[in-house]
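What follows is a set of structures for review.
Shared between the two complexes below is chain A, which has chain B as its partner in the first and chain C in the second.
And then the complex of A and B:
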């Protein structure tokens, strides 16, 4: 502690998670593009026997991008941001370094095992919670390790106040811990009754109760994995990259508590018009609409942070990525509540509008923010300037075009589908059969898949840019204060 | 307890909760501004934590006098 000059932040764990983010990003998004094309061209289902079917690949796509790409992105930024806003280095605690590395390796083993087992078709069949009980236990272990790392670093910090990003990282940790434990309560069938393989299980809840717990979990996975940690990122990276303090720190606190309270009650909107009690449905609807307020509170706070500094959008592609991310956050947090209104949901439920909504949030908000964060971290972690600004600009436009193609095609497809399902003739008979809607939707499926392909191409551009930054870019003498240095 | 009573209790609970939360929300906003006005806390300065985050930057609020001495 006395030789302060020698002390530096230690990014070794952040770097490991950065590689994982890129690896799982490629796997998850590639599978996403394949299954999107399978919707448009069903014969693609038969390319690799049972391993290439839509039903086998879909959980791999969702788990790959959520628990592979995004979780490692969250961990990478945590091991970077955490040290900086607490003003303490991982190098100051051998214990925390060991915990961090253990966290990474247990994470890698768990997720790679998840990829293999899902390919083999081993699944609990619960959406976004497909992993069987042995893997669930591994997830708990790695989550506890992350918790030790968070609170350990907080314990030895120099900065007394926890910056707003820290609040959001801690909320991610606590929120997911609670949700994951409750939704994954399962009975291992072999050990209880002798049926099935040793790794098989069934949910501890049955019927409607299972559905309610599942969507309480499912929607809050969106909250605590797709939203809360991404807000943690933007509250750090946008001010830091642009050199502007957060527009209103008080608003960030208010939005935090608003989001924490309201989000947990909104999951019922996944079960509108189903067998769950009416009040649960109404509550889900109402809380979803209220959710606009804290969501827009954070998003507007970010946009206002750029007040008087909009010129930076022209000069700095990283700011552009983050501002677009924030704008997509506003779009999807307006769209979601609209879909949760009962009368709109009567049209939208089970249609392609729903995955359309999910993807403008994930591709626009989550994906852009995560990539921008890694771009910002790279010059500081590798002490080299970013390899190519031009490539970054092209990536931005290729991916933005991809997102627009994705969600606009799914809007049209979803509303067409919903209207056709509801259409009746003058006697009240249904006007169309299910296959009629499928035929009409095929062109939109092709458009959606191509939008996804563009996004994947952009991700490869990102990967190449990051790889060249790490290996071949010009070294920088000192750490940049704000705007990340980049070669033309 | 019959269904009607349960529904009635639910309705009272709902009103109580709504009023409680609305008051809680505005009280929190009031608390934030009041603390600033009285000078007990300046929330906006915490925004600097992200901007001055080098390991040798002075903390915006150091955790203990011991650490302050070291800077």
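And then the complex of A and C:
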């Protein structure tokens, strides 16, 4: 403890990424709400000509929240947590400070360029990997810089044993590096032929192989961006905020290595009943079900960390955010395997149940955990108490309501759609034309969009609370040990 | 062992990488060659079709439309024969999609025509009442990029041995030859269209995006 107090941690890079998290959160979620309303009210497609159609905006929403909001959130927490669990300040190494700042600026330039190019329709079409090769190279550069930052800090650490969060940050770095590289293997066409646009490229893989590689990537982008680094966060922030030791070291070991071992197999569940080899589909299905074990291992470990301390949920909204996040993690890691069972997938695939599933994970687990982490960091980074507990409480309920509206409407929409696609009349002919299965969903689309809007409103409440905390809140004399100080 | 790993970041990282990486090797590599083989009769896209395919990607049609017919009666009744792996042998990238907000398009060329697409892209509700698809009027204004389409065809021919210029396969030839062929193919589509804007632009030597896109959609069978 003395050692920690003696150290002056440097949060300049963490602060930069905190601002980026908020900025891209607003952009990404706003676009999400717009495209959700477009599905209910198609006239909204014509607000910005060619650049405002659902199809142009959809990759912007996904890339915006994944690589804008969440990635900056991950980096912000890394530049905060890394120093503290390794017991070394970034200020001790000029080199690492430069790397950190370079990392931030290259990241900003890359993401802002990505926003512009996606608006222009420059895309490789692969989900969550739409960026063309020049931007892919920029992503590789910023990723390498992050790697230097991680292993540089590890190299000069005082605490010799890597804390659980460190395992997950390292795994995030390695996993995404491998996946991103192999999925974005492409040949720039201009340099081969001398014709056409210089930034255009063509995939190294064709057809079924391309699909295999893409969903090996796509599924595990979910693993290594939506899951692994979020677990890194919760393993640090929940024990820290609540003052409770992690329930079980053995459970954390089992969950970590289990997750690493199993997750990569599960990509095949995106390709059930497609043309990929049958055994790959079956393995994808089976491993998805096995995946419940390590996923629930982490979540239960976190919930049991609060054992005997449930009263904190009443007093501390941050603990409430994190406990609900783990609960949503359990929900969505149960729902995923259910959808990966072949007979369920036959119904669920291609329907709205899938985005429903994605969003109870991302809004409930990822979003809540990221915001709770930034809330926890703010009083320590800005030496001020959190601006308003009341606002935080309202935010919690507004967003929780939004999430429930989102996934319940999408469950109903997805299953309705799936059932109608396969329904037959008494002679065995298809009972519905395709358009019947679209118009019936419009009320659910409206409900879903409103759920998303509530979540966005909550995000603005978060933004306001953070802004006030940074600028106008009461200063605190010494760093709080556990529960973050907050004004009523 | 785990305690030791947690104090040795290098070996820890190597351990994590191996545990993470093996599954990709085991699932993707064994059937790689098999999955790359085309079904007899499958042909690579013509330059005009490729230009259309690039527009399909530019406007993310795949965000709402799949190109994968699963082997269920309800799907084969609706869309036609279920998909075979080899039918995708020249699809770079694959465009299976993951969501059917609109119907599957794997075999749309079998049951939709040039004029249907033209009406549909100008005003989807005019042919499908109740449709929630946006209109794509800008495709009647923007020019298709034949140069980049040629570049892509040339690249896959050179790098991946896609069989252009082989017997019974589409001709690619030099850039000028390919461009001439693309204009000839476009003329057939323009003739079936109503839009004076598109027709006049074609006379001026411009191929609008819609023409290339329709060529691509018509090729999906």
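Operating definition for what follows: the second predicted complex is superposed on the first by the 480 of 488 C-alpha atoms of A that agree within 3 Å, B and C clash if a C-alpha of one lies under 4 Å from a C-alpha of the other, contacts with A are read in each partner's own complex, and residues count from 1 in each chain.
Keep this in mind: contacts are C-beta pairs under 8 Å (C-beta built on N, C-alpha and C of every residue); 3 or more make two chains touch, one makes a residue touch a chain.
None of the values given here were measured: they were computed from a predicted structure.
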{"item": "Contacts of A:277 with chain B and chain C, given as first, second, both or neither", "value": "second"}
{"item": "Chain A: partner with more touched residues, chain B or chain C", "value": "C"}
{"item": "Partner chain(s) touched by A:248 [first = chain B, second = chain C, both, neither]", "value": "first"}
{"item": "Contacts of A:190 with chain B and chain C, given as first, second, both or neither", "value": "second"}
{"item": "Touching partner for A:7 - first (chain B), second (chain C), both, neither", "value": "first"}
{"item": "Contacts of A:154 with chain B and chain C, given as first, second, both or neither", "value": "second"}
{"item": "Which superposed partner A:257 touches (first chain B, second chain C, both, neither)", "value": "both"}
{"item": "Doubly contacted residues of chain A, that is, touched by chain B and again by chain C", "value": "160-161, 253, 257, 261"}
{"item": "Footprint of chain A on chain C - complex, ascending", "value": "2-3, 6-7, 9, 12-13, 16-17, 19-24, 27-28, 30-32, 34-36, 54, 57-64, 66, 68, 70-72, 74-75, 77-78, 83-103, 128-136, 138, 142, 145, 147-152, 154-156, 158-160, 175"}
{"item": "Chain A - residues contacting chain B, complex", "value": "1, 4-5, 7-9, 84-85, 87, 89, 157-161, 163-165, 235-236, 239-240, 243, 245-246, 248-250, 253-254, 257-258, 261, 279, 479, 482"}
{"item": "Footprint of chain A on chain B - complex, ascending", "value": "10, 21, 25, 28-29, 32-33, 36, 43-51, 53-57, 59-63, 67, 70"}
{"item": "Chain A residues touching chain C - in the complex, by the definition given at the top", "value": "38-40, 42, 45-46, 49-50, 53-56, 58-59, 121-127, 151, 154, 160-162, 167, 170-171, 174-175, 178, 182, 187, 189-190, 192-197, 200, 202-203, 205-214, 216, 253, 257, 260-261, 263-265, 267-268, 270, 273-277, 280, 283, 346, 349-352, 354-355, 421-424, 429-430, 434-435, 438-439, 442"}
